[in-house]
Amino acid sequence: MSKHQRELIARRAAWEIQNGFYVNLGPGIPALAARFVPEGVEAVLVSESGVQGFGPLHHEHKGDRDLVDAANEPVALTPGASLFSSVDAYAMIRGGHLDLCIVGGFQVDERGNLANWMLPGRMVHGIGGVMDLACGAKRVVVAMEHRTPAKKPKILRNCTLPLTGLGVVHRVITELAVIDVTPQGLVLREVAAEVSVDEVCRETEAGLRVDKDLKIIQV
Amino acid sequence: MSKHQRELIARRAAWEIQNGFYVNLGPGIPALAARFVPEGVEAVLVSESGVQGFGPLHHEHKGDRDLVDAANEPVALTPGASLFSSVDAYAMIRGGHLDLCIVGGFQVDERGNLANWMLPGRMVHGIGGVMDLACGAKRVVVAMEHRTPAKKPKILRNCTLPLTGLGVVHRVITELAVIDVTPQGLVLREVAAEVSVDEVCRETEAGLRVDKDLKIIQV
Amino acid sequence: MNKVIPDLKQAIADIQDGATIMMGGFGPCGIPENLIQALCDQGTRQLTVISNNAGTEDLGIGLLLRNHQVKKMIVSDVGQNRTFEELVRHGKLQIEFCPQGTLAERIRAGGAGLGGFYTPTGFGTIAAENKEARAWNGRHYVLELPLRAHFAFIKARKGDPFGNLMYRATARNFNPVMATAADVTIAEVEELVETGSLNPDEIHTPGIYVRRVVPGAHNAKPPRAEPEVRK
Amino acid sequence: MNKVIPDLKQAIADIQDGATIMMGGFGPCGIPENLIQALCDQGTRQLTVISNNAGTEDLGIGLLLRNHQVKKMIVSDVGQNRTFEELVRHGKLQIEFCPQGTLAERIRAGGAGLGGFYTPTGFGTIAAENKEARAWNGRHYVLELPLRAHFAFIKARKGDPFGNLMYRATARNFNPVMATAADVTIAEVEELVETGSLNPDEIHTPGIYVRRVVPGAHNAKPPRAEPEVRK
């Protein structure tokens, strides 16, 4: 996966962030999306570390040991910020108060099941906040590469890895496509420029219906 | 019930308050006990209105509309006070963090059941905090008159009024006696000066065992 | 982000007959009196009100009761309120009483996305009637379910345009938890301050919970700097 | 009321082998590092540690792991920690993983006297294995049970002799909830202030929850006045 492709996914994911939204961004590609929030969109980043209203540090600032995001990276507060405990952070997350959560993914399937916390053969280091986020946010968008590093599909009929959440995903954004989870199964809404529908279908194990208003991904 | 007798009960109840205790006092006689805390005993009053560390207003101060106790009476903060929400107040109360709660009572029975919120024929105005307090404090002491205004016993074999809590009472303090609830039933620990054990038993429906170290109530 | 609606009337205009509304307050403290007055003026009816108490005859929810706007109350302790008594006596008001801590916790569960919880409070009393019970380690618990509302009326000491709120003394009470458990939370603030002027560590209600901020036109109490502290 | 114990060693002297201890901290923030160091020095073993994470090799719980003092961890996310990996691989450390929000809520239930609660988190995943499930309104929930401990190690920015605590920024994290859920809560404070100098409205942990207050001898981070606020 090239840096360029990751950035393309992040750029498209950033379009999911609407004005006035409270948003949680997972590590990796989702966190990248913060850089590409469309002009004029004012959104508030919320972290399970216990802060809402933060952003990247100015590069001249070396950070504050007491203030990190969920990836333990130092951040800066933005005006209107507030701070709270972990209990309150998760009450907020689980209680449906986040408008949007963008997470990474290992696998997504036709019913919106998500697997993104445990890989076979790797030691498990924990669950963290992703199960709460996946089941608590009003809208869950997965931003991930379309295929595994071994070029296997990640959008499947059924997830085979241990699940993070059952039927939690609303939309998947990859370098090839934007796909929605609907009660009738997966619907292809957008394809990347210079990518054919056939190619997306080939790289996707799950069945895809094609939106009659199919669009080209704009980033 | 004379004012003098109510004060006697409150004076004895105040001896239950030990140094370092966090204490909740119900309205009526229990609240009176705050005036008689023994010298040298430093205790912190906790109210379900969301404050710990308060006391009566100085008489020259007319009170602060934003600061009341559970009876909606204006109070003053004492040094070391802290303020919190109702959710936090009841987490504290229910979670066993109060060392002592002194409440009034309509009836107490042999198994420590308590009735103190609902009288027959009277309109019910609510439950309030008393059920949480009764089941949550480390120690629940009932401070009440020994008999009803109609001179009926209030310490019974079985409560007949709607209960506040099941098996919650540790000790009952009246103008006649101090009685403990034990797994073997009620035990008479102290009698008022110039009151005989026989008189206490006569005024008590429940069976009473007499402590072999029976004492005279000191107030 | 600017959630300020200067006009009380406009702030509650979308509340319709039959709505469920949470209202903060404990005794005389922290009552969203301006929002309640606006709701009286608007005349919205058949309301379900979730509240710790019912105000007095002339303050808070008492006004709505007197106006016959309330169909049902889920409440802990109404205190002495003659209007309330008469409405109940004449079958014009449905009441569901909750122990105060259970009321707070049910609202919290509603705001925190929990399905239900087991509390020891009220086990063996009529407050637990028709509710499931369960024991762990010899202790008995009652299953209680979450509460949510269409709207929450919140009273705060200070608020900023992001909806961040701070409360004062025991005027905090049910306000922060109710702010979390409604589809639309409307906060009236005694003082509207600029974004960035509240210390983020000291904010009681983060802005995410608040949809609208209204400066309270009138406050029953004079705002004071500090409560008395006895030395 | 004076809960101050000036000496770290004395503050933890009654912790015995086999104790269960909660320890605050999220990433590098709000770790009760001085109490943990004292526990390393004391050499207490067979501990069960309840914590969000496992520190790093040289900070926080990592030190206890390296010292083979921990028998079991109830934890959300240990991150990259080689000592941890080796202990698990060799069967020398039992692990119970919890979703982070569930861990926080279980501790809260322990401190708030609740018997258990239903959370949607983890339903249908291995985090819900062997747990009761239940549905309301078409939504599925898992029954989770409270957590308590013999001791809690808390890190606060400021504390007074009554045990009232204030935290700073995301160093708050699990500290306030853990303070509520232990038989004995011990708080190390970066700054010990006089009783009455904290604003009662701004206290995060009321003193009732704290048994001992210890000034932290050493802080991995330089205390700073304010986090950066971008304009």
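Order of writing sets the chain letters: A, B, C and D. Residues in each chain are counted from 1.
Keep in mind that, in the parts below, a residue touches a chain if its C-beta (ideal position, glycine included) is under 8 Å from a C-beta of that chain, and two chains touch if they have at least 3 such contacts.
Treat the numbers as computed from the prediction; the structure is a model and nothing was measured.
Of all chains in the assembly, those touching subunit A and also subunit C are D.
Contact tally for B-D versus B-C: the pair with more C-beta pairs in contact is B-C. Per-chain CA centroids place subunit B at a distance of 35 Å from subunit D.
Centroids of subunit A and subunit D (each the mean of its C-alpha atoms) stand 29 Å apart. Separation between the centroids of subunit A and subunit B, computed from CA atoms only, is 55 Å.
Shown for subunit C are the residues that touch two or more other chains, namely 105, 108, 112-114, 119-120, 167-169, 172, 196, 200-201, 227, 229. Among the residues of subunit A, those in touch with two or more other chains are 51, 77, 79, 81, 83-84, 90-91, 93-94, 136.
Taken as a graph of touching chains, this assembly fits none of the simple shapes: it is neither a line, a ring, a star nor a complete graph. Listed by label, the pairs of touching chains are A-C, A-D, B-C, B-D, C-D. By the touch criterion stated above, subunit A contacts subunit D in their complex at residues 47-51, 55, 57-58, 61, 64-68, 72, 76-79, 81, 83-87, 89-91, 93-94, 113, 123-132, 135-136, 162-166. Subunit A meets subunit C in the complex at residues 20, 22, 42, 44, 46, 51-53, 77, 79-84, 88, 90-98, 136. Residues 105, 109, 112-120, 134, 136, 139, 141, 145, 166-169, 172, 196, 200-202, 227, 229 of subunit D are the ones that touch subunit C when the two sit in their complex. Put simply, subunit D touches subunit A in their complex at residues 26-30, 52-53, 75-81, 84-85, 88-89, 97-102, 104-105, 107-108, 119-127, 140, 157, 167-177, 204, 220-222, 224, 227-231.
Touching subunit B in their complex are the following residues of subunit D: 1, 108, 110-114, 160-162, 164, 180-181, 195-196, 198, 200-201, 203, 206-209.
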